[in-house]
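Alright, structures below, take your time with them.
You will see two complexes here that share subunit A, one where it goes with subunit B and one where it goes with subunit C.
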Partner chain A sequence: MVRVFTAVFLALLTVSAFAGDKLDVKLTDAVNQAYRTLLDLNNPVSERKKAVAYLKDAYVKENDVTVIDAINDLLLYSYDQSKYKEEDNKSYQSDMIALELVNILQISGQPSSFPALLNIVVKRNHAQATINAAWNAIKAIKWKDK
Partner chain B sequence: MKKLFLSILFMSALGIALVSCGGTAVKPGDGGQTNSAAVVKTNAVVQPQNTVKDKFDDTAYKNVIAVLKAALNAEKSNPTALTKLDSGKALALVAKFLKENIKEPKYGFTPEDIETYKGAALKKFKDVVSDPTAGKETKEKANVEMTKLNNL
Partner chain C sequence: MRAKHLVMGFIAVLLFTANGFASDYVPEDLKIGGGNQSLETLKAQFFKTTDRDQQVIIVKMIAKHTSDEKYKVLAEIAEFDIRTDKLGNFCHPDAVQAALDAMILTKDQKYESTYFNILNKFDNTKVRITAAKGLAMIGSPNMVPKLVNMVKNELSYAAFREDNQKMVADDMVVEAIITALGDIGDPRAFPALLQVVTLQNHRFQTIQAAWAAMEKIQW
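Take a look at the complex of A and B:
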């Protein structure tokens, strides 16, 4: 019995240790709404473009840094289309949304975007224009000490 | 006869004296005193150490990005075991870079990010090892890189 409790305790300890490494990001309501619109690739492109424009304004004009966390998440998961094909209009249009998101990351130069941008250039599940934009954004990262 | 015997004796004595005068040369570096006759004077010039880092070990950001871009583009245009090996090494360098910077909270890197690139590098090395067209030397290099990756 003691062994079982010890095993459960250790398992919980391990899980809590890993949970502590995750960033606890809270998006502002408006950013969250734009994030939700972009999350679903079945949403109309026009709506998603408006959401991207909103995110850009929120970052550039209002300096809302949660925008960057939202974009990183979108690029790492929703817009990483493993079955991307340039001939498929739907996935291509979504990738053009990804391109606009990458351009916002380039403006920001945030180091926290490095994994999301790397994912684009390494996996190459994107149009060449998006991959090129990701390389440019990677070069534009403003490291504190590099 | 007696004279001949005496001259042989004299020559032998002379020979022994000459041999005993010449000490054994002490080889430099064995901890003993160096026989002055064995010291060879050289115009020793201290050669500067080669401090240029291997590009696959240099975690300076500009280098990491340049190496990664070159390796991925080379593999894309010419997918051989060698270019795949270089891609694997470049991905391992990315993992190393992330590991060096994980302690900076502003960057927000996670252990999962490191594992992602370690896994990607490992996949490339495994591809090289299982590639029937890859040369023996290339496969050996891939195995060495896999060991290095495990120690990262």
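Take a look at the complex of A and C:
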């Protein structure tokens, strides 16, 4: 019981530090549209897969760095499924979307993705493939001091 | 047939663990850069959870950080429950153990009071033994009087019994302290060691450790 109170107390202490983590970046219209499509886990998987493909192109071909902010936000909030179960097809399919988003982060190697990736490997509310991909993405981060 | 299935199951479990699916798995070849910013992210994530696996994963990740500042963070985690005893047990002993495992390799004298505090106040035997090992690895004589006091008084039972779990646990700590005193080699440890071998109110292993420590004293 004491451990639970301690956790709540400390979580409250750190909440202010993380309150600013909500997406506060101006996305281009097309990236914003893809972000909105991905935001709702009830949207059809086929549509969300198209949105992921769009984000990947926007980053790889057009070097749109706001894509990374959008993905970080999606992984930290929408795709962090606290009740994830592999047997539940809906949450599994969403997690496969998360896996594709993580793969884009691995390509980018952006240090700003670290909190989102850390959240995946620590909380482990994901398929093992997604967790492994997150580890690979962390290893691929191009730290400025490395 | 049944035995075959059992063996296959056992092998599957072994492979499952070896392939990185252990609940607190962190890749061996992981390196985390990013200076203080990523270190603070890890620290904040640590203090958001009381889950054993999550805490251990984060501590292992901090240990793989490239900045030397990581040891301050590990010390903070290791000593957190002692410094904030009113809050109860927040850090899982396995997380504290992982933090100490990384810290003691530095042999940095500035953490000797951290090790002593953990040795003196923590309630997990394995963690306390590691803290004693940390002091042994530093090899500084600063803590010798306090360690001697622990052996002679605080952890000494006149009516020691091997069937008493608490006494045996404390005696395992005494054994670790005695080993540390031997490694430090300070003559001030002699009276405590003499008491252990003469009164014999300890486990056989502890008495043996005391004889070995006596031989290492640098007169």
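Following the convention adopted for this analysis, the second predicted complex is superposed on the first by the 122 of 146 C-alpha atoms of A that agree within 3 Å, B and C clash if a C-alpha of one lies under 4 Å from a C-alpha of the other, contacts with A are read in each partner's own complex, and residues count from 1 in each chain.
In this section, a residue touches a chain if its C-beta (ideal position, glycine included) is under 8 Å from a C-beta of that chain, and two chains touch if they have at least 3 such contacts.
The shown structure was predicted, so the numbers you read here are calculated from the model rather than taken from an experiment.
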item	value
Which superposed partner A:26 touches (first subunit B, second subunit C, both, neither)	neither
Which superposed partner A:61 touches (first subunit B, second subunit C, both, neither)	neither
If touched residues of subunit A are counted for subunit B and for subunit C, the larger one	C
Partner chain(s) touched by A:115 [first = subunit B, second = subunit C, both, neither]	both
First, second, both or neither for A:128, with subunit B first and subunit C second	second
Overlap of the subunit B and subunit C footprints on subunit A, listed as residue numbers	18, 111, 114-115, 118-119, 121-122, 124, 135, 138-139, 141, 143-144, 146
Subunit A partner contacts - residues on subunit B that touch it in the complex	60-62, 65, 68-69, 72, 76, 91, 94, 98, 101, 104, 106-111, 113, 116-117, 120
Complex interface listing, subunit A residues touching subunit C	2-7, 9-11, 13-14, 17-18, 111, 114-115, 118-119, 121-124, 128, 132, 135, 138-139, 141, 143-146
Subunit A to subunit B touching residues, read off their complex	18, 21-23, 111-112, 114-115, 118-119, 121-122, 124, 135, 138-139, 141, 143-144, 146
Subunit A contact footprint on subunit C (complex, rising order)	20-21, 23, 27, 29-35, 37-38, 41-42, 44-45, 47-50, 53-54, 57-58, 61, 66-67, 87-90
